[in-house]
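First chain A sits with chain B, and in the next complex the same chain sits with chain C.
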Partner chain A sequence: MKFKVRAASQFLDNVRRDLTRPHAFAFERVGFVYAREAVVDGGPSLLLPFAYAPVADAHYMPKEGVGACISGDAIREAMAFILREDACVLHTHMHENVGMPKFSRVDVRNYPGVVRAFQNTRPDRPHGALLLSRDAAVARVWPVGAAEPVMDSLVISVGRPMGIFSEGAIYG
Partner chain B sequence: MSLPKDQLVIIKSVWPDAQLVEEGGKPFVLLASVRLPDRCTPKIVACLICPHERDGYPCRLFLSERVTGGKPVNWNTSTAIAERSWQAFSLKLSNPTPTLYDIAHHFLGALA
Partner chain C sequence: MDDHSRQSFLNPQLDRAMKACKVGVIGLSGGGSHIVTQLAHYGFDRYVLCDPKTTERKHLHRMLGATIADAEASAPKVEVMERLIRGLRPHPEIQAFKGEWISCAAALKDCDVLFAAVDTVGARRDIEQFARKYAIALIDVGMDVSRANDGGYRVAGRVFASLPGGPCMQCAGFINNDMLAKEAAAYGMAGIRPQVVSVNGVVASAAVLYAIDLLTGKTGKVALPCFITFDAGSMTMGPHPYLSVVTSPCECFSSSEIGDARFVPIG
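Coming up: the complex of A and B.
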């Protein structure tokens, strides 16, 4: 199964603007992009963002060796949202480089636990992670019931210039 | 005049209450209840996607009320469509062939 995260460039820029706000002690910020899934004529699964919620300042915890550590309350808020709104969720953060961002080892190690919490809450929807850079984005999406993510998901930034990104490749 | 079926499938997956309305032989898509970020007033609005040229814009998004608390935009239109009054702000999309979802997403992103 292949996923395409399709978002207006305006929406992604809003998220970037939020994620680059300074925090009292965390080196990076985290948010949640909420999306709905659509499949048209047997094509790839489209994840269509419709809301973004930043993690509240109070839900960051000091922790050495990571850019940001968020509390269980932040995850629970996201769980409550996807339960209420019947939505998919993408844990979202940003690496402030230009060009393709790359998930860190900490990201890769921690995502399965976070995604499992989302899968337990809303098992009938795909969930995952979105990583932004200043001008690109990549996503890893866990299909319904999957323990491992789909690695070649596309992120499509609709606007001008149009951007089509996947881990390891830029198409536009 | 009709709209592509796949675009309607997509818009309904995001806003399940989306419905096609027509005025003057041209299609619009009504989103009866769109939730905006908490900082906005009001927090819930109705939206009308206009996927065709109107008022000199290639496409527009009309809202049931002018929204405050979001980003500054130039509200420049008050009009009536399909027996309801609507407000719109000035924005020209650079994408020459936006889908219904793209139009809604871009305009809402520009607003809040």
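Coming up: the complex of A and C.
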């Protein structure tokens, strides 16, 4: 099972703008990108972002050693959204470099717990994580029922210029 | 082995982009055959092709790649185009459908760039709605032959690029309800649809160049939105006059319409 996350570049740029707002004490911001899943004939499963919700300022908690720590309430809001909207969700944050972003060890360690919460809420949809840089993006998606993510998901940014990305590779 | 050294100045990553980017072409005759040919020459490797028709003699004056033997054998146009690609690319991935585009919509969803070379306004509107639902970059090409005031003919072509979030064909005044109503009233009376191979070639070239610009970001100078017209009489190409009334952003398509159709509870 492969995944392709395809979004308008305008959408991703709006998310970037939100994630670069300063916070009182967090070093980075977090948001949730909500997506519809589309069934493709003979291809990857398509995830199509349609909404974005930033984590509210009050839902960040001080914690040393991480860029941002968000509360259970933030996760619960995302869980309520995907339950109500029958949607997939991608935990989203940004590393402010140019070029391919790379998931940190903290990201990799913490995602399974967050994704498990989403899987428990909406077990019939894939969920995962989206990491943006200033001009690229990378995603890890957990298929339905999977304990491990699919590593070589494509992220397509549709606009001009168009971007085609997968972990470790920029295609366009 | 690929040797794209003479186009490497476009972008060192273009080769990889062309391998990853899936392109769809709807309509494989006048405009579509030019587009497929150029995409294959560039080095694109992943295709979804669809056209319901078979090759006839009347197509030979405008359909690149088609032969007299194809017309005599009534070869499906998708087979002619698949053969053409395989003659230029060593390992292409081709999904070819002999049918209306909607019959292969499940495959077209995977396309990142979609070219439409269709005859009707209604088909253009439907394909654009489809492209918006699945966040696909749509590049539409077409040509018209109309009576000029001096009694002669005016031959014109156009390219319209419809990107998610950007102005759509309705925003640009390229499609409106009057046109759709007239077309519906004249259903079945379309008569012959004049085509000129060289005009098809000009607009198809512009469409493919636009796709390459999307993938490489090379020029950064192409106007957005992209609505180009070609006047064969004066041999001039430029921005369509309707561009001056284009509104942005597009309010015709809502993000709630994204993705496959689904049941939504009432209330």
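Here, the second predicted complex is superposed on the first by the 172 of 172 C-alpha atoms of A that agree within 3 Å, B and C clash if a C-alpha of one lies under 4 Å from a C-alpha of the other, contacts with A are read in each partner's own complex, and residues count from 1 in each chain.
In the analysis below, contacts are C-beta pairs under 8 Å (C-beta built on N, C-alpha and C of every residue); 3 or more make two chains touch, one makes a residue touch a chain.
Predicted model only: the values in this text are computed from it and were never measured.
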{"item": "Clash or fit (per the criteria above) of chain B with chain C on chain A", "value": "clash"}
{"item": "Which superposed partner A:Ile164 touches (first chain B, second chain C, both, neither)", "value": "second"}
{"item": "Partner chain in contact with A:Pro62 - chain B first, chain C second, else both or neither", "value": "neither"}
{"item": "Per-residue contact with chain A, leading partner among chain C and chain B", "value": "C"}
{"item": "Touching partner for A:Leu154 - first (chain B), second (chain C), both, neither", "value": "second"}
{"item": "Touching partner for A:Gln10 - first (chain B), second (chain C), both, neither", "value": "both"}
{"item": "Touching partner for A:Pro44 - first (chain B), second (chain C), both, neither", "value": "second"}
{"item": "Shared chain A surface residues [contacts with chain B and with chain C]", "value": "6-11, 36-38, 40-41, 46, 48-51, 158-160, 162"}
{"item": "Complex interface listing, chain A residues touching chain C", "value": "4, 6-11, 35-44, 46, 48-51, 86, 154, 156, 158-162, 164, 166, 169-172"}
{"item": "Residue numbers on chain A that touch chain B, as the complex places them", "value": "6-11, 13-14, 36-38, 40-41, 46, 48-52, 158-160, 162"}
{"item": "Chain C - residues contacting chain A, complex", "value": "11, 13-14, 16-17, 19-22, 95, 104, 106-107, 109-110, 112-113, 134-137, 163-166, 213-217, 220, 222, 224, 249, 255-256, 258-260, 262"}
{"item": "Residue numbers on chain B that touch chain A, as the complex places them", "value": "6, 9-10, 13-15, 35, 37, 94-95, 98, 101-102, 105-106, 108-110"}
